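I've put the structures underneath this note.
What follows is a pair of complexes built around chain A, which joins chain B in one and chain C in the other.
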Partner chain A sequence: MTQTQLPATAGESLAGPPGPRAHLTSPVTQAVLRVQNQITAAAREYLSGDGFVEMLPPIIGPVTDPGARGAKQVDIDFYGHRYKLMTSAILYKQASLLAFNRIFYIAPNVRLEPLETSSTARHLAEFHQIDVEVAHASRDDILLVAQGLVSHIIRRVTGTMAAELAFLGRDPRAFDALLAGPFGRMTHHEAAESLHGLGHDQDPHAEIDWYAERLLSAQHERPFFVTDYPKGSRGFYDRENPDRPGTLMNFDLIAPEGYGELCSGSEREFEYRRIMARIRETGENPAKYGWYLDLVREGIKSSSGFGIGLERLTRYIAGLDATWQANAYPKLPGVVSP
Partner chain B sequence: MSVLRAATFAETDVRRRARLGAAAAFPDADGYGTALFGADPGRPAGDEIDTARLVPPVFMPQRLEKLIDLGREPLYGDVDLTTAIGGFTSPLPVYVSAFGSTQVASSNLGHAVSEQAGRLGVPMVIGENIVPMNGYGRIDADTERTLLGRLHRYAEHVPDGTGGVVVQQSTEDADAEVWNLVYSDPAATRLMDTGRLAFELKVGQGAKPGLGGMTVVSDEVGRQVSEQFAIDPIFGPDAGRVLRCGAPGTFTDEILRQQIRLMRNNFPRARIWVKVHPGRDIAQVTQVAWAAGADAVTVDGAEGGSGWAPLAFLNHVGLPLAECLRRIERPAAYCLLASGRMADGARIAKTLILGARAAGLGRAALIAADEDPRAGLTRLLDSIALELRLVISALGKYSPAALDADDIWLPQHPVTVAGRVPEGTNNHEYHH
Partner chain C sequence: MTQTQLPATAGESLAGPPGPRAHLTSPVTQAVLRVQNQITAAAREYLSGDGFVEMLPPIIGPVTDPGARGAKQVDIDFYGHRYKLMTSAILYKQASLLAFNRIFYIAPNVRLEPLETSSTARHLAEFHQIDVEVAHASRDDILLVAQGLVSHIIRRVTGTMAAELAFLGRDPRAFDALLAGPFGRMTHHEAAESLHGLGHDQDPHAEIDWYAERLLSAQHERPFFVTDYPKGSRGFYDRENPDRPGTLMNFDLIAPEGYGELCSGSEREFEYRRIMARIRETGENPAKYGWYLDLVREGIKSSSGFGIGLERLTRYIAGLDATWQANAYPKLPGVVSP
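And now, the complex of A and B:
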């Protein structure tokens, strides 16, 4: 393990985004967007080669992912019916497996995050995810897909974008450990213990908070999975471990060097009765999930999947101070922007 | 004065308090010296709390302690009513409850209550008018303005270091994402930054234990909201109005536990309150809620509620509040709150003795603000504070926390009260 300097947060050393002209004409932005373009190309290359079908995600629907911590959904008027912009397309990912067994999207997400997140350097109100879902896959299966995908992307970017990375000041040797072996893995319980060791009071029943994630992240030199989050920290679709009630069969992928969470995923709940109970446990009114529950009642496939935050992955690979630098039209929580 | 009426409630008394303030703790001073006063034998019998009596002793070791502390004889003015309520601080063991989604809780009254509660630094629950009425099942712009307006009004007037706002959400308004709306709104920032924002999970309500929200709406509104609510034409086909019913929400111990944990997870900077109806499993419910991390659990007595409820429920359904409180085992660190026909210092003192940390004023706050939108609630609270000081000092005590089971006499349970450990000092003998 290495002791690494935490990347700066916007509150510490970085002003917010400049106007669109300054941002888009900046050589830094242009280099970052070229890196991002390679990331999506590499993702498509890897997943298509692995039998995945890329589908185009819906942007609106009567209901969206309720699992976004503390964030508000955006309502739109759909011919007199209140629809939502997707906070994530998770429900549609499960539905899409009716068509194909291996699917992915590169999907836009909109979340009105709490104002406090405007200074984390990691939150955008509008961002994109590389969304992957695999029918009949276990969590161990999907961890391998995530690891393979991220490794492939980094191998390709470091192989083809040396000039851009050099211009951005990113030393490609930062990825040597990542490319040399499998990602690390620890449970939420172990992560909480480790955080206690670092003097941070982590609630054993809650999500690892953003600061704690940075702390853990700074302790590692290659990405690592945190698995088995407690129920009560995630949405109803993350599958509860039948052998260990109260524990979810999910994971986050945390980048090293203080960059924090890149990806969340899980084995999914797919049985009607269990989903209904979980919907209530997450305080949701089942009525609004009508179309989804109808599908589930008739039967959907078991699956596992994940979503990689594209701007966060770009930030990590390009070594950026803030996630907004990886978006052409960045929108920080609470900041009115083009 | 508006058309607001509360026939089954001590409305006349509350309005008098709202006009007179502390003076309302006594009979009219005009008759002083000429009239004879005494207990009113014609006073209608209430619930068990009403029939219970506060019973001061003669020997008062805690008064002796206070005397030594002060260097003079203590008086009722020496009672410190400051109380920690669900993570907040209040100048007295009272908070303002939500009023329900009935029409009476309209925005002007709501604003009047918010402003006065804020100025006094008394915690306030906002729950009315949140239930979506536009048929989409989500919050509309007017409701959003009302909700945030009340929050803003409170935050504008509240002094530093006291009070707090509690925003309620029930199963049927979960779709409206009320908590998410507040959590990401600048109006809540000041309260959140100072630890004075809480979210209350509404599991049930006292007036209709086991049922969801019920209101009477016009045919037209009924049609508009029929996707979201059950519409029942109980008034007949030509009445022009229908009964609108919300779902009560399904709870098990695991559902409650996980909902509370998810609230803590999603809103780490907010306190978590839980409001329950007087269920027969109240002991288990409170334990689950506290263990999952609730900062306060409110028991809404079957006597409570400003809403519209079936007569069968108003008269026959739900545990009496006193019995509810008796069933709850409450370690000192946990905050138990109670509401249900609270409008005077004596009933509130009895409720505290039975185990509650503080009492919620619902209808009383609404009627007081209706009597005088500028200062009615302030005067009502003045009268309650005076009564609490009188009663607590008469019991030989000088803070609400010092009250215990010895301080009450219950005709139906004359021996003792569970849930509070009597202080040993009362058994001391003095030989002088």
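And now, the complex of A and C:
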């Protein structure tokens, strides 16, 4: 696949969102939002049928996920106390397993991404995640949940939304390989080697950047997992492999055809001593994690989980040029809009 | 029904939320959250089956609903621009009808309620609404949607959650009258007269306060609508009756047994000239409603809609002493908690 067949990105003449009237009255937007409605319905159907309880995550709290790559958090004043908008639901997902062993959220998040990401076609300052967490699950267990969930969603959407997909120009045969068998799987180390083979100088000890991820994605015709990212590329809650220090027991799920990352997940750190050490390694003051660390000290369950970017999944399924097309009121980094 | 049979409120020895571990590991909380999960599933089932498209509302934006009684809005800094957390989804509900004629959200809201409301047993600073809006619908049309939706939810929850309700001590016969026929209906004027009859000095031109609402609620055994509130008691978007200036074409839905308000709704203002006049009457500067007024000026659809407080509906159905019991991470006004 050549570069020009990839979904559009900056420099490939992709315009930003039009105003709300043009966006909402567009038959394209309407078809996309109907597809997205089926995606969330299919996710609820699959997870509820598998014993998960859907919960409603908070959108504000004293502390939030520090792990977002380069994004800033939003401060608010809650009766004189400094609170945050949620950048992800991870702290609440771990806590919620005190109530149920299998939970999910469809969670809104706000991340003030760097201004330069407004032209990646991938980043929104406000977006949603299908957030799943399972007590006592290993990474291999949770990979199967993610694979089963994404496969079910695509099976339902291609089954019920044929007219919308046709209107959007998305050939449902794009999903034949996905639906025919298990997703691919490689380690971060193998991904780095593969990128070297493509002429890209990927540091085997660093995050895979957007460009490289897109290169790798374009080599595949079905989604694939990249596992075992180096420590430092993700938040303190992704469990470090006790047998391979410096390597996380985590994964990303990458869509094929150049669409890039759909989902990040991991086995979790859950022991107080290890979490304290991991927070300190990032240079953060553990004191800001008050309520969370109080819970962890008294004991939380081991778990694995993941978050699927809902707008990114919608983009992949609907075959869209940009992630903002999958949001009714898209907020690009730095751009004032409804 | 005597005063002491009412659900507990401040002064009736209702404790606030315990810490997150005690709350989440409590079998009561777990039963309540399972009931709530069925409530949202039933709402989606009813509305999707009736041609509604579920959309995901923004949680931040340049402006939000000014109508919340006495509650403060939360400011945030969005790349140097002053944004708000949503206090309600009303502006987006009207806009979203440009895409579809029947929409709903299950929307998170944040309202910094006055500190004294932390003891009403009714108020949370963060809560959810089942938010419904229908293009070209009259108030009578939307009353039927609200009645059908609440009846369906209660029919499904009593049918599927018998064990949870029994555990919570909620006798399902409490809903026999509700399920047997249409909800009651009275005007605000009639409600004021009824309150006079109960020895309460209700101003016929003012909002019905929490205490009076509870008094009225305790007189009924099925939910009832109170219609035609005086202008000034609600936001500018509730349509003023052209034939009876000063009276709104709106309603509240009040639960019986002392549980009080579940839902507010209205036929909406949709004409630019009238909306501008209504905003000016409240003393606000229309300039802050930039994107919304731009849409209205170019034309939006007439509509009616409502928002059901999800935690309050859960409280009523589960028979709880306080609304915070219906939230996994309850935030009382002024109280720091996860």
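Just so we're on the same page, the second predicted complex is superposed on the first by the 332 of 338 C-alpha atoms of A that agree within 3 Å, B and C clash if a C-alpha of one lies under 4 Å from a C-alpha of the other, contacts with A are read in each partner's own complex, and residues count from 1 in each chain.
Everything that follows uses one rule, which is that contacts are C-beta pairs under 8 Å (C-beta built on N, C-alpha and C of every residue); 3 or more make two chains touch, one makes a residue touch a chain.
Since the structure is predicted, the reported quantities are computational estimates derived from the model, not experimental observations.
More residues of chain A are touched by C (comparison of chain B with chain C). With both structures placed on the common chain, the touch criterion links A:H128 to chain C but leaves chain B unconnected. Within the superposed three-chain model, A:S96 lies in touch with chain C and out of touch with chain B [touch as defined at top]. In the superposed model, A:L115 lies in contact with both chain B and chain C.
With both structures placed on the common chain, the touch criterion links A:G334 to chain B and to chain C.
In the superposition on chain A, contact of A:D75 is made with both chain B and chain C. In the superposition on chain A, contact is made by A:N285 with chain B only, not with chain C. Contacts of A:K231 after superposition: chain B is touched, whereas chain C is not reached. Once the two complexes are overlaid on the shared chain, A:H136 sits clear of chain B and of chain C alike. Residues 75, 81, 112, 115, 333-334 of chain A contact both chain B in one complex and chain C in the other. Across the complex, chain C meets chain A through its residues 19-21, 24-25, 29-30, 33-34, 36-37, 40-41, 44, 48, 53-56, 58-62, 74-79, 81, 85, 92, 95-96, 98-100, 106, 108, 110, 112, 115, 125-126, 128, 291-292, 294-295, 298, 310, 327-329, 331, 333-334, 336-338. Chain A makes touch with chain B in their complex at residues 69-73, 75, 81-82, 112-116, 203, 205-207, 209, 230-233, 277, 280-285, 287-288, 333-334. For chain B in complex with chain A, the touching residues are 136-138, 169, 171-172, 174-175, 177, 180-181, 183-184, 186, 189, 201, 228, 247, 249-251, 254-255, 257-269, 292-293.
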